[in-house]
């Protein structure tokens, strides 16, 4: 089993020093990503899911961020702790793109508007040692074809603003997989797209995973997408993973009041006719110098005074592979 | 600063036009606190004597250590008409019988400090009046252009393009050279202001237009239109509040340009003409290299110009930051 | 639309602009000062000649000044377009006077332009990548001073400083007596020796503004998503910095060629007067004071032409430089 493990994140903390205090965007997160599997990370905006991804890539804003904990990347040559690497060092830069690649939410702004798509995709090849321009170009053309871009030999010389949103996201995927990474981090890859394109992109990602055997870390706030894509699911709230389990466990048997709330708020066809859709009251607070207590306490419908607000509940295993952090299960 | 400018008669020891016989091109008068024997007397100046250097025919000013003139505050000195309303002779300070030239005197024996403060009245207001004029032109035309778009927009924008393609200072010089020399001071003043405005309104117009175009696309304007609000109403109720802060910022940034423009023209002798004084006319005396070398204090008005412009820039910058809530802190 | 077509379009536009400008200049300079005949008559009378009304009318007809304004403008404009700029009051053809000085003017403008960018772009990049560092504050401060100090004041101060410190007189472009000598290495060195001070003076104000633009846009671009994308590809920060954000931040700077050139020409005018440089500025000034109308109009026209060329150049360079603009205008 252990040889399957690609990436282990242990007690990851990513803090930002701001004038107003310390923003604890990621505050003690642990999870494991295995080959050929998809880990879905779900949560509302501001829960720290994107920062988790950026921490793995070590592309958090330089000046004021501080990462601690362990991010172990298992390779044939042994494990490397990404947290310990110099973010601008050769080893980290070599990891990026080759071992771990990333797709971003905004395909419009993720490409430079004054360089051609081909230029920007081929760049990843050149950075990682490819010398032959002809070969790089052919490779990118075939890749563009693979991700479903028609007339790739023409598109390769076009600019991002000449492509449609779906095309741009396909190009972005091509850019991410050009080096055959072992882990693909997809940060809300379909949020900016409309529903039909969304489905196409998800299908494309699944196909690529099947063909290349890469692991995917899929970040989204859309539970529907998670149900469709993920093998395992981590539910994040305010910098912490509150519940972790297989996709089936999370959707069929949610434990944490927050997970339950999320699932209740998915509109179901026919089932909620004439009723108001369930919501979770309040909004996600900003984790500026957060107190050491359950982060969800102030919004929880099952809040127990004197228990929830005095300490952080420990993570409890409720079923094989299914754990939850809530006083109800301690 | 504007307060100083409008009450300059009071703050300065002498009138701007008073020529002090025998005190031509004196360097700044040193203020002493101790007399020549080391006794503390408080702030005072010595009387100035001068002799002619026989070799260079320049005047050498020396201090006479036996004549001590205390600097007095709230004294009665030369009479003037305060704001042209009532006669008074109250001054903030002077040195009695001794001459006190804080920043020296010019080639006609006039106190440079008094003249600088007097000049600030014109130099500072010309910025305000000029900006008001170009603001009026710019905001109106730019507003029309941005709000209505279409042919009106094209015509107005072409005009601004053409105007801004002409090199500004040569055109100013050309325009200012038309102003007849025999015009009275106030008329010259307004002519110069008008000339300065003709070139500066274009930038403001473009800025207003760009801002309006951006805002016109906002959904809430569409909502107001759908609700049947009239154009005027949309401009006043919805657009104006949104860009008033933007306008203020732009105005603040435009003022120093005006002041510099006036200074430049007056410096060349094409702007404000004597007997009126502005910082530019004061600097006119400093055009000549030998003058600067011998009487460097004639350059002091330049420091006032620079300080003023800096001040406006800082204020403008601060306002811009304050007015833009989305800008990164 | 092809590039050449776009070029032609811009040139036609420039020509139209120049025609409008020439009309404006004609109105501003020529009309308020009476016509050439008045001046000739005045000059003659001053010499004691007696000139009758008939003589005057004959002269007017000869110069075409009996015609309405638009016709006069037309005569003047066609003459100007043919390169005939008329006689200066000094009795020398205007074109000779301008030819003497136009090289120095253009030399000064172009060197200042290059110097502006050579200084402003690296400093802007430094300030943006080291935001809020001591160096950044230093340059921001210098920039503010540069913006606040009018060119000619700086020129005055430089005159003063150099006189005090080195006893140098720094006016003009050549040391006394050198100008008449034939071109040689010594002459060129002498020119360089005199050139750098006016260039510093002219460049200071423009550089300040350009640094601020460069810094602000680069800061903007540094926060863009594509910077993160590039980092995620494994690019080195320096590689990435120059390939993406700097490249994009240069757009407004490149575009500014269009308005910086007119400003340089404009700013140069007063500096040249103070420093006594043999450029068009001082000539214009003395021409205006002496009411030398033909000369003044021609100089203003030449300066405008230089400025408009700058604007067009800026447009063209930008359209070559930024694919977004190229596509928008349909230029391929």
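Before moving on, here are some points about what is shown:
Letters are used for the chains, namely A, B and C, taken in the order the chains are written, and counting of residues starts over at 1 for each.
Convention: a contact is a pair of C-beta atoms (placed from the backbone, for glycine too) under 8 Å apart; a residue touches a chain by one contact, two chains touch by 3 or more.
Since the structure is predicted, the reported quantities are computational estimates derived from the model, not experimental observations.
Note on connectivity: the fewest chain-to-chain touch steps from chain A to chain B number 2. Centrality annotation: C (chain centre taken as mean Cα position, compared with the mean over all protein Cα atoms). Taking the CA centroid of chain B as reference, the farthest chain centroid is that of A. Chain centres here are Cα averages; for chain A and chain B they lie 59 Å apart.
Per-chain CA centroids place chain B at a distance of 26 Å from chain C. Each chain gets one centre point, the mean of its Cα atoms, and the points for chain A and chain C are 54 Å apart. Chain C meets chain B in the complex at residues 17, 20-21, 24-25, 28-29, 32-33, 144-145, 147-150, 152-153, 156-157, 159-160, 163-164, 169, 171, 223, 259, 262-263, 265-267, 269-270, 273-274, 281, 284-285, 288-289, 296, 299-300, 303-304, 306-308, 311. By the touch criterion given at the top, residues 224-226, 228-237, 239, 243-244, 247-248, 251, 322-324, 327 of chain C touch chain A in their complex.
Taken together, the chain A residues at the contact with chain C in this complex read 54, 57, 59, 88, 93-98, 101-102, 104, 106, 109-115, 120, 123-124, 127-128, 159, 161-162, 172, 175. Contact residues of chain B toward chain C in the complex are 161-162, 164-171, 173-175, 177-178, 256, 260, 263-264, 267-268, 283, 286-287, 289, 292-293, 296, 299, 302, 305-307, 309-310, 313-314, 328.
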